[in-house]
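Dumping the structure here so I can ask a few things about it.
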Amino acid sequence: MEAFSDGIFAIAATLLILNVQVPHAPAGQLTHQLLDLWPSYIAYATSFVTIAVMWLNHHAIFSRVARVDRPLVAFNLFMLGVIAFLPFPTQVLGTHIGTPQDATAAALLYGITGMLIASGFGGVYLWIATHPALLHDAYSDVDFLRVAPRYLVGGVAYTVCIPLAFIYPPAVVAVIAAIVLYYAIDQLPQPSSTSQK
Amino acid sequence: MEAFSDGIFAIAATLLILNVQVPHAPAGQLTHQLLDLWPSYIAYATSFVTIAVMWLNHHAIFSRVARVDRPLVAFNLFMLGVIAFLPFPTQVLGTHIGTPQDATAAALLYGITGMLIASGFGGVYLWIATHPALLHDAYSDVDFLRVAPRYLVGGVAYTVCIPLAFIYPPAVVAVIAAIVLYYAIDQLPQPSSTSQK
Amino acid sequence: MEAFSDGIFAIAATLLILNVQVPHAPAGQLTHQLLDLWPSYIAYATSFVTIAVMWLNHHAIFSRVARVDRPLVAFNLFMLGVIAFLPFPTQVLGTHIGTPQDATAAALLYGITGMLIASGFGGVYLWIATHPALLHDAYSDVDFLRVAPRYLVGGVAYTVCIPLAFIYPPAVVAVIAAIVLYYAIDQLPQPSSTSQK
Amino acid sequence: MEAFSDGIFAIAATLLILNVQVPHAPAGQLTHQLLDLWPSYIAYATSFVTIAVMWLNHHAIFSRVARVDRPLVAFNLFMLGVIAFLPFPTQVLGTHIGTPQDATAAALLYGITGMLIASGFGGVYLWIATHPALLHDAYSDVDFLRVAPRYLVGGVAYTVCIPLAFIYPPAVVAVIAAIVLYYAIDQLPQPSSTSQK
């Protein structure tokens, strides 16, 4: 599972850039075009960091896991499927957030995708937390559920994005960037120093 | 072989999203456009799960294999070549299944690709099953052919897709999703709990 | 080096399909469009098998290597750079071989790329063959140059492609497919049965 | 971290080719079109070698690292995010360097991206050099900062690109190619012969 998961994370992160494109235009427009792409740059950076932080947390969780069962595989595949889907809402956000009539739809799509990723990750986490038999012996005595509230933070924050997309769409990107920073700083402790590397 | 195979599976699964694109349209159309893309979402999900389940089964088979010979490499490369081809019929299905005049051609292309994947996988499986010298010693006494009928299920189901594409094209997607669910649930048992992870 | 090389091979092989695209057309044209793409299917298959066979031979060579030096890294990077370039001539071949005025240019581009791959591979091989200190001890007494003539076969065959592109362009694809089949069948023996898998 | 980093490097290098495209044109134009793409070929080669050389140096540094901490992860993710961004300025450079009015903007974008990569790499390097506790014991006594000047070379050279983009844009590509060649030749010594391979 981990080789496949690592591949999906790395490829999805790298594919994000393929959707940043300069439209064909008469000569002499390039400077303006490059500056006008700023929403795409922000969308690219937000999604890249989202995937990288998800990957770090995914690795921190699975390095504790000794065995996988069917439901865990299903939760993990669901999460990977949404991660691999992320380049699409990222492109839509970058190209449409600047159009007032379409900004709400673009922000909604991005926020819902974020909710689905959080749901998949929460499913993976809760399944492992409630099935300590899947863990390495060294971790089976750890109260893994202790850190569950940190997953609620993401769930609540992504849910806030739904009404926010109708009120002020660009704020959705800010909220998602803030969620990612929170998870980047409040990381799951790595089981050991060597396994993180 | 396994590093190359793992790479092909993960990359093909992640490339699927590149073919989901919002066409250029006047401002204010984005909500409708995103909703109209539902066949592409279904095609994406079906193909992603197909590749993921193929990967799980591929891994389950090859973790039993100690040696590879030329024909096994050839069968495996054929299967990987069709897996890497899957993003194309997935895109065609997503963009044309909603057009009545083109739905049959799109469903046929998708069904035939599914048949070719099943053929390649069946070839890999049958070659290994009939050449126990390729297996790890621990598995050479297992009656590997016992589970052969499960591969027939896929072969029959994909064959049904051909006439179905002429009668009611969308049913082809439903049949292929059902095949994948069957293989996801009726997985090959992993040789050991640790090797699956 | 090997993780990077494996990645380039697997990604280049999988990216080939992104260049197979159905052009936009009025409803009802899909069947014809899919059939008209046959040169793209052949180009895809030829390039996919080329990359896969190169990968097998690359792996067979590097599994004998214990140390790498600067020139070997340079030869290897040159070869990988041309492998990663292959999706471009593959697309050009698929889309232009059917246009009589452009077929020669498309076949030339594809043949020259093949020559460059063969040159890079030959460079890697000859450097290793003439520097036995880079090999594992178990192989340092093997007369590695014994199999050098097989690399000449490829060099000669690719050179034949240049005049052939002017005489009958489709024959270039046939020659390249034949070269790949030759290398697939006359593979370098793997150092040991386990390292191939 | 290393599996994710390796993946980003290999995928970004291979994606570069997707942005080399022959525009649709009347039959008989292909030879001219292929020759007119020469800036794209140079941009592709420069970026491919840049990524490959960054990867070699990245590997040489991280093979000395036994532990990673938060700031090192942050510097590394920043650098990877810019590496994964490189296909975009590469495409812009290839398609616009030949248009006099747009060449400065294209060269600036490419030069600034190079500066950001160098900054990220310098950050990774300086953090490790000033935190010897992160190193393997075998390297903790090495005066790692001794080679710091070589990183200054890159920083200075990329800074020179900014005014150069206004004076003679194509020279920016030459400078960046020269920087890469410098780093390719003046590589960090590998910790041991086996770890490079």
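Letters A, B, C and D name the chains as they come in the text, with residue numbers starting at 1 for each one.
As a convention for this text, contacts are C-beta pairs under 8 Å (C-beta built on N, C-alpha and C of every residue); 3 or more make two chains touch, one makes a residue touch a chain.
The structure presented is a predicted model; accordingly, all values stated were derived computationally and were not measured.
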*Both-way neighbours, i.e. chains that touch subunit D and touch subunit A*: none
*subunit C against subunit B, contact positions shared by both copies (same if over half, else different)*: different
*Report the chain whose mean Cα position is at the greatest distance from that of subunit A.*
C
*Just how far, in Å, is the C-alpha centre of subunit C from the one of subunit B?*
26
*So how far apart, in whole Å, are subunit B and subunit D when each is placed at the average of its C-alpha atoms?*
36
*Pull out every residue in subunit A that's touching 2 or more other chains.*
7, 11, 15, 18
*Draw the chains as dots and join the ones that touch; what shape do you get: line, ring, star, complete or other?*
ring
*So, with touch as defined above, which chain pairs make the list?*
A-B, A-D, B-C, C-D
*Residue ranges of subunit C touching subunit B (in the complex, touch as defined)*: 6-7, 9-11, 13-18, 20-22, 27-31, 34, 44-45, 48-49, 52, 55-56, 184-185, 187, 193-194, 196-197
*Which positions of subunit B touch subunit C when the two form their complex?*
1-4, 6-8, 11-12, 15, 18, 62, 65-68, 70, 73-74, 77, 80-81, 84-88, 91-92, 95-96, 99-102, 104-106, 109
